[in-house]
Amino acid sequence: MNKLSRLGAALALAVSAAAPAFAAELTFWSWRQEDRAAYQEIIADFNKLHPDVKIKFEAFEPTSYNTILSTALAGGKGPDLIQARAYGGLEAFAKPGYFLALDKATVPELDNFAPDVLAAETMREDGKVYAVPFATQTVLILYNKEIFQKNGVNPPENWDDMIAAAKALKAKGVMPFANGTATAWQNEILMGAFTPSIYGPAFNSDLVAGKATFEDKRFVDALGKLVELKEHLPQGFTGVDYPTMQQLFISGRAAMIAAGSFEIANFRKQNPKLEIGVIPGPAAAKGGPRLVSLFVDGGYAINAKTEHKADAIKFIRYVATPRFGELFSARLGNISPIKGVKIEDGLLADVAKLNASSAPYVMLVNFRYQEPTGSMLIQSGVQKMMAGQATPAEVGSEVTKGIAAYHKPFQK
Amino acid sequence: MLKPWQAALYQALLLMTTLVMLYPVVVMVLSAFKSTGEIYDSPFALPDSFALKNLATIWRETRFLAYLGNSLLVTASSIALMLASGTLAAYAIARYAFRGNEAIFLFFLAGLMVPLKLAVIPLFIELRALGLIDNRLGLVLVYAAMGLPSTVFIMTGFLRTIPAELEEAARIDGASEGRILLRIMLPLSRPALVIAGIHNAVPIWNDFFFPLVLIQSDHAKTLPQGLTVFMGEYSTDWGVLFAGLTLSALPLTLIYIALSRQFIAGLTSGAVKG
Amino acid sequence: MSPRLRRSLWIALLLTPALLLIVAFVTLPILSAFVYAFYKWQGLARVGFAGFDNFRLILFQPPFSTWTYNAFFHNVIVFVALMVVQNGTAFFLAWMLSKGLRLHRFHQVSLFLPVILSTVIIGFLWKLFLNPLFGLVNRTLIAIGLDSWAQPWLGQPSTALASLIVVNAWHWVGFPTLVYLAAMQRIPREILESAEIDGAGEWTRLRRIVWPLVAPATTIVVMLTFIGSFNWFELPYIMSGLEGPPFHSTDVLGLYFYRTAFGTVSAGLQDFGRGSALAVLIFLFILGISAWWVRLLRRREIDL
């Protein structure tokens, strides 16, 4: 027996010694190719707490990420840890049962999130959370501080201010806005940056309650305001695509850009000298409310079929802690929704402050669950309207009609 | 005979057309050596210097070489598989009388008319079941199958023109069927093999659609698909973009300039008689 | 083994690899598409029988049906425009090349150069050239004093599809040119010469002799352009995007099929059912027209 137990002890020792070398390696998929270095740091930080869990980060092209992921998951394979999207993009994966449901028993850190943030990663049918949110994104207006100062323009607070500022800039030969409408989804960004301040918070709650449609006067009027922007967009803006508008703002040719806060990190990287300021869409009238559009970018999920469930949960619990949130915000320049995260960066702190008065980024949050999606409809609607080929009322009714196909309250 | 003024007019029109065809290519190459600022501010000028900065960026910071390697591997393997299997089938159809001969030939020919792109969903699911999604072998099999109709068409047409005496003489000498195929028919078919090869190799090399759907990992991407990744990453650096386009166009362009006759014959075969 | 059996086995051996490949990767997928179109899909899994529901949505339920007809209409425009712009140009270029003028070989090689390049390269190149602010096209127009001609080419419905068609013609014109050239070179010299002696001018000869005699080449060119136009995907995908912007004015069946089947990041969801139904319809259309065309030609050949 003695011999045997000694052998056992030796074996156990050998196994434990070898453990780090043989430790399971979890794979972690993401669509953020440009964040590879940051994720390596994050994983290194995680390994300070859990040295025994190895994680391999793999990133794919965003446009084919969904296909890649669903292919792998449907084949019963796929990564252990998954960067997932939110809202309809989450449900597409949660519904077929590809993601592990998370609850407060396994991931007590879910308490670190506000309910509306968790809602973005919750399947509506079963009310269960399937991913830990990693960032909120804000749709607002970025401006070039240096250009504003040089031309004696102050950040505008209401619509008339903004038009005056745009005219002043144009008179000095500066392009007021970098935005173009050639890339479909940029039209939704345009809507998200400007319209909530115009239609106000009440419209949104009426919409969700089923008391209002997109034919509502408030929404149509807000769209109408967008049309006024036309003369302050670049010449030939209908042909200005996403990379070109980025380039216009980064290179300092344009003073403002309606954009998502996710651009900030990239803009700074490309032009470190750029001094960026943030403002919400201007108020309809002096002293009126000013709202930014807010949405949850995505979350981290666990493959329901993972062979390393315990280890995967360790990582998921880690990414729900303020420790991760701070590293994430600092390293990736995005705003972590985790409570208690201190944001060091001044500009991001400004964005976080603006988030206090926000409206949901309406199409993504509410109407991107079924075809035809609200996003698809509003993108081509705004594009058409900005090209002068549809009135705001026509866009509103086309969007409403499209969504009515599956949304009861819109059916007359 | 053309009157001199007509000849001059035609020559002028042709020169103009050639200019329209070549000028964009020249601008692309010149822009590859410029900075983004230079492209914006002086689009028509020669670059300030023929520095290789942009090309170096591509070399160092992208997987250009890997994409190129994948394209070579995929194209070469699929052409090899396609020519081998296609020639065997064409040989059976062209040189043996058997029941169903014509039907099999027509079955292959029907493939010429079929837009396989439209079958990409089942293809995708089938390859997934075989574990060949995100796998270069999956691409190779699809391309080889896609190239078979034209290969069988070209090779059958050619093999039918070989006089039967050659074969019969060999048979009288006691050569086996396999030997006749390998030693007599194949060497004679070389020109047709080149035509069928080029006819399919260029579209395969250039294909974007099937990799877009079937290949996902960066390391397995072919050149056209890799180019889209790259164009997305460097979207605001036009100098690097043009350099990427130039480098991607370079391999085939060089071969084309050297072998333009074969290329033209190969690509237009089937559309051009004789 | 009897020699007969040996021979049969040998023939089977020769045919098997090719048949296996084509059945597995061409025939089977195409037949499956027909089956898939009758199912409801969730991601990559079939979740129930749908009957003709997918077809109904695509053909009769707005906005899906609106998109279908809109895209189809654009494919028709592309086909007609390419016939005129690309193949018409090709016919005249071939005629000029057939004269054997000095440099004709150089012209041929230059014309055909874009044909060998990937659509991805061509698409990106022209997308950069057509950029409204920094692109070569507008810069050239401004440089030669035609400022008012400078346009956001890809950004307005009046020019977006036309721009794509012109780029496509630039890319492919060498192909029909050389097809026509080969056909023209087969016309016996005596016919053209005797017509010239009879006093027929260039134009008359082109119209009365060359055009009818290159009819087989025209058939092939029309056929290839037709299949190409209804399969159009890469160029609009690269140059305008999956949604066919601006507001579906460059949308074609290929784009619509792809985004229905595979979804888009910023707007659309994936649906293999509707995607397959769309594929089946496009497929039947192409096949139907092709079969009709071939029959028509056969009949005409008999008449001749």
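A, B and C are the chain letters, set down in written order, and residue numbers restart from 1 in every chain.
As a working rule, a contact is a pair of C-beta atoms (placed from the backbone, for glycine too) under 8 Å apart; a residue touches a chain by one contact, two chains touch by 3 or more.
The model shown is predicted, which means the values in this text are computed figures rather than measured ones.
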Contact graph of the chains (line, ring, star, complete, other): complete
Between the pairs A-C and B-C, the one where more C-beta pairs touch: B-C
Centre distance in Å when subunit A and subunit C are each reduced to the mean of their C-alpha atoms: 38
Distance from subunit C to subunit B - Cα centre to Cα centre, in angstrom: 17
Subunit A residues counted as touching two or more neighbouring chains: 67, 71, 74
Touching two or more other chains - residues of subunit B: 128, 213, 228
Residues of subunit C engaged with two or more neighbouring chains: 44, 134, 262
Complex contacts: residues of subunit B adjacent to subunit A: 124, 128, 131, 133-134, 212-213, 216-218, 228-229, 232-233, 235-236
Residues of subunit A defined as touching subunit B within the complex: 33-34, 58, 60-61, 64, 67-68, 71, 74-75, 242-243, 246-247, 250, 270
Touching residues on subunit C, where the partner in the complex is subunit B: 7-8, 10-11, 13-15, 17-19, 21-22, 24-26, 28-30, 32-33, 36, 44, 93, 96-97, 99, 101-104, 106-121, 124-126, 128-129, 134, 136, 139-140, 143, 170, 174-175, 178-179, 182-183, 186, 196, 202, 216-217, 220-221, 224, 227, 230-231, 233-234, 238, 254, 257, 261-262, 272, 275-276, 279-280, 282-283, 286-287, 290
Subunit C residues within the subunit A interface of the complex: 42-45, 61-64, 130-134, 138, 150-157, 241, 243, 245-248, 262-271, 274
Touch list for subunit B against partner subunit C, complex: 1-2, 6-7, 10-11, 13-15, 17-18, 20-22, 24-25, 27-28, 39-40, 43-44, 81, 84-86, 88-89, 91-93, 96, 98, 104, 107-108, 111, 113-123, 125-126, 128, 141-142, 144-146, 148-149, 152, 177, 202, 205-209, 213, 223-225, 227-228, 231, 238, 241-242, 245, 248-249, 252-253, 256-257, 260, 263-264, 267-268, 271-274
